[in-house]
């Protein structure tokens, strides 16, 4: 569906990764390169001295226009493991309140000789806009923009699946829950399809499905039990309580009754199915603690692999191969 | 009263310090090891390059569920002097507001390959709870939990006393003020007793004494002049204005009149008595500026020794002996 | 006007820079030394590894009593390029709310073995007060205090002018806008005069001129077109919207009409005139985007040179010559 011939803001003219803005449009070759590079970094986290000098002297700016301690921390840790100098900026509190535009903020930070921006913004397309305007030597990584994309989360999900299942070619993967408000689901669907997964399912109440879901090349299910049948991978989504205005949903208790992943419901999946969740979990809402902490859960390994994946993305865009 | 035979969450099976949660239950051997190790770090602070590579490549997470710039800074400085990578997290503002539990937060941070957590929380027992759940290679240091414990403050107080007085065996030590709301006083009493101090006094208005004070093995005084008589060390406590709900106290002016440490009242102590305070001070409430800035005050040296003591605790729990 | 003989808190007895508090009173020799040192650091920013070990093991505390992410970031980047350990403190949120005084806060931070304080405060004289009280080995850099001074901004402006114009001796320089509320304008006037600039103009509406402007040795103009005539350098000031209480000004639109720097108005200046602005800009108020982003604008290079200038100031006060 995508090709290295397509002009792509994310790639250099010779086809290497320059920015990571969305998984959409990224060729299989690049996705696989990230996963392979991340594999080589997993062992760094197990060493006594967890650092490699690949980004020594480089300045990585975590520019967060929206607060997310958790995501910021994973990037900060990844950058420090690569020996970069990390500067954290919560921009909402400062320049923006003085009326400076997004692009002025970014121009100024660029002029401070930044090498890389990790950008989190509530508006879709913010990272793209920044990538369009930065100087050629600066790299932009999207750490989440509105409902649109959160590509490193998508990549760490792929890394986790490959780690536990070896290959994508015989997998049945189910994505469960609030697809409508999720910045993760779209990235997941694109990546799974590109990497060769033959069957991607979306399981959600009708009110939490995006209108264009039928064009995404997925199978849609409106009952959890039915959708989970014989799947190899269950990717839970976080119920975005704080995003929902009005009443698309009944109470959290009602949601749990029909859509919460309990040990009973998980039995519909294959016995060796793995359960994933991007965190933070709403225990007792979209997932039962017995599943979250159970033997099929790979939720904490996802976090660990997320560091290696972010190290891989940072070193690849910077052209600093391990 | 305590023994290395007692099973203790803070110690490894072979009796080394694994976590620092409270001074309660720590054997004299460990307390002395911390003080001796800190002594070796005091000189690092006086060097031109104030760093040693003992924690190079280790990730220290300052996880503050309650804001305390001052305490966070001392741990940050100590960790950086040991060449660790430091990540600061104010958790209240982020995950907790998304409904994530304390243990989920900690599990996630652990999965980011943390080596050490420095934890500050308003609830007693939070650091213990975390220490119970972390993987064996992760170390937890309590940076204050509610009224319960603030063990590095207790240790730096002991370091300061030993520095100025040489030994604990002939000392008369007075702890003055808001014992009821202090997270420091209990640690101090335990440490002083364990290190062999023969006489510990508590001097406080009745309304600021804990109910169980009689079981603490201290002498209680309800008049400052009387309690200070012939003491070698005066340990002032901060009046926890912000914690007091209701009216346990008259006005700050009234408190100062009876309980404020003035040069006149200090004369009841031995002429070579030292005056300590954990900071921040309420000048003109529990302490007079003439005392705080006077020749018997060792309040600023306490801060300096606090860095060396925190370096000692961090390197000892990590098994990285200098 | 100033002399190395004058006792000056900023200089050591043998005339070297000890603190940087204000450009006022700094001899030409020191200004030139900063600019020359900064010149040697410009190339560091262009290297692959952007670090020099001049401040390795030194602790630089960014103590911000008033929020300014942008200024804090430039100092943080500069200190990290010099290999210092940087600790960021937003003090308003913590100690100050506990009633600690400014000097107690600083005494405590000093006792943590700080080597340098970068201070931002809303009150004029705060950095001076701190410099008066710190131990002899600690250096203080003023990062802005009220309307009074922001000396590193003044220095980076001088660096930028010298870079583009080579010399100050034949220049006509105009400072335009809200001189009354600007912490930058006074520094600029002093520095320009000291470095030998023969003609400094101030162009502002009467309501935005300080009362003592006539004593500053500048030419005052009340019409933009007239003041810009044949100048070599146009230094725009930010309109301090958030500082203006009451109505010294008509609407932003009215201000723009008379005082906004448009391409048409810029034509009154020399054709090779450069346009500067300390940022953040109010586009469409004091400056038109066509000028801000145009060929005569050196606004982004100012930011880049600001890093080199701050590196120069930090290394000079620390006595660590490159």
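The chains carry the letters A, B and C, assigned in the order they are written, with residues numbered from 1 in each.
One rule holds in what follows: a residue touches a chain if its C-beta (ideal position, glycine included) is under 8 Å from a C-beta of that chain, and two chains touch if they have at least 3 such contacts.
Nothing here was measured: the structure is a model prediction, and the numbers come from that model.
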Fitting subunit A to subunit C on CA atoms, where both chains share a sequence, rotation angle to nearest 5 degrees: 120
Subunit C against subunit B, contact positions shared by both copies (same if over half, else different): different
How many angstrom lie between the CA centroids of subunit B and subunit C, rounded to a whole number? 41
Residues in subunit B with touches to at least two other chains are numbered none
Flag every residue of subunit C that touches subunit A in the complex, lowest number first. 45, 47-51, 67-70, 73-74, 76-77, 80-81, 241-242, 279-283, 300-304, 306-307
Could you please specify the touching residues of subunit B with respect to subunit A in the complex? 56-59, 85, 87, 89-91, 93-95, 98-101, 104-105, 107-113
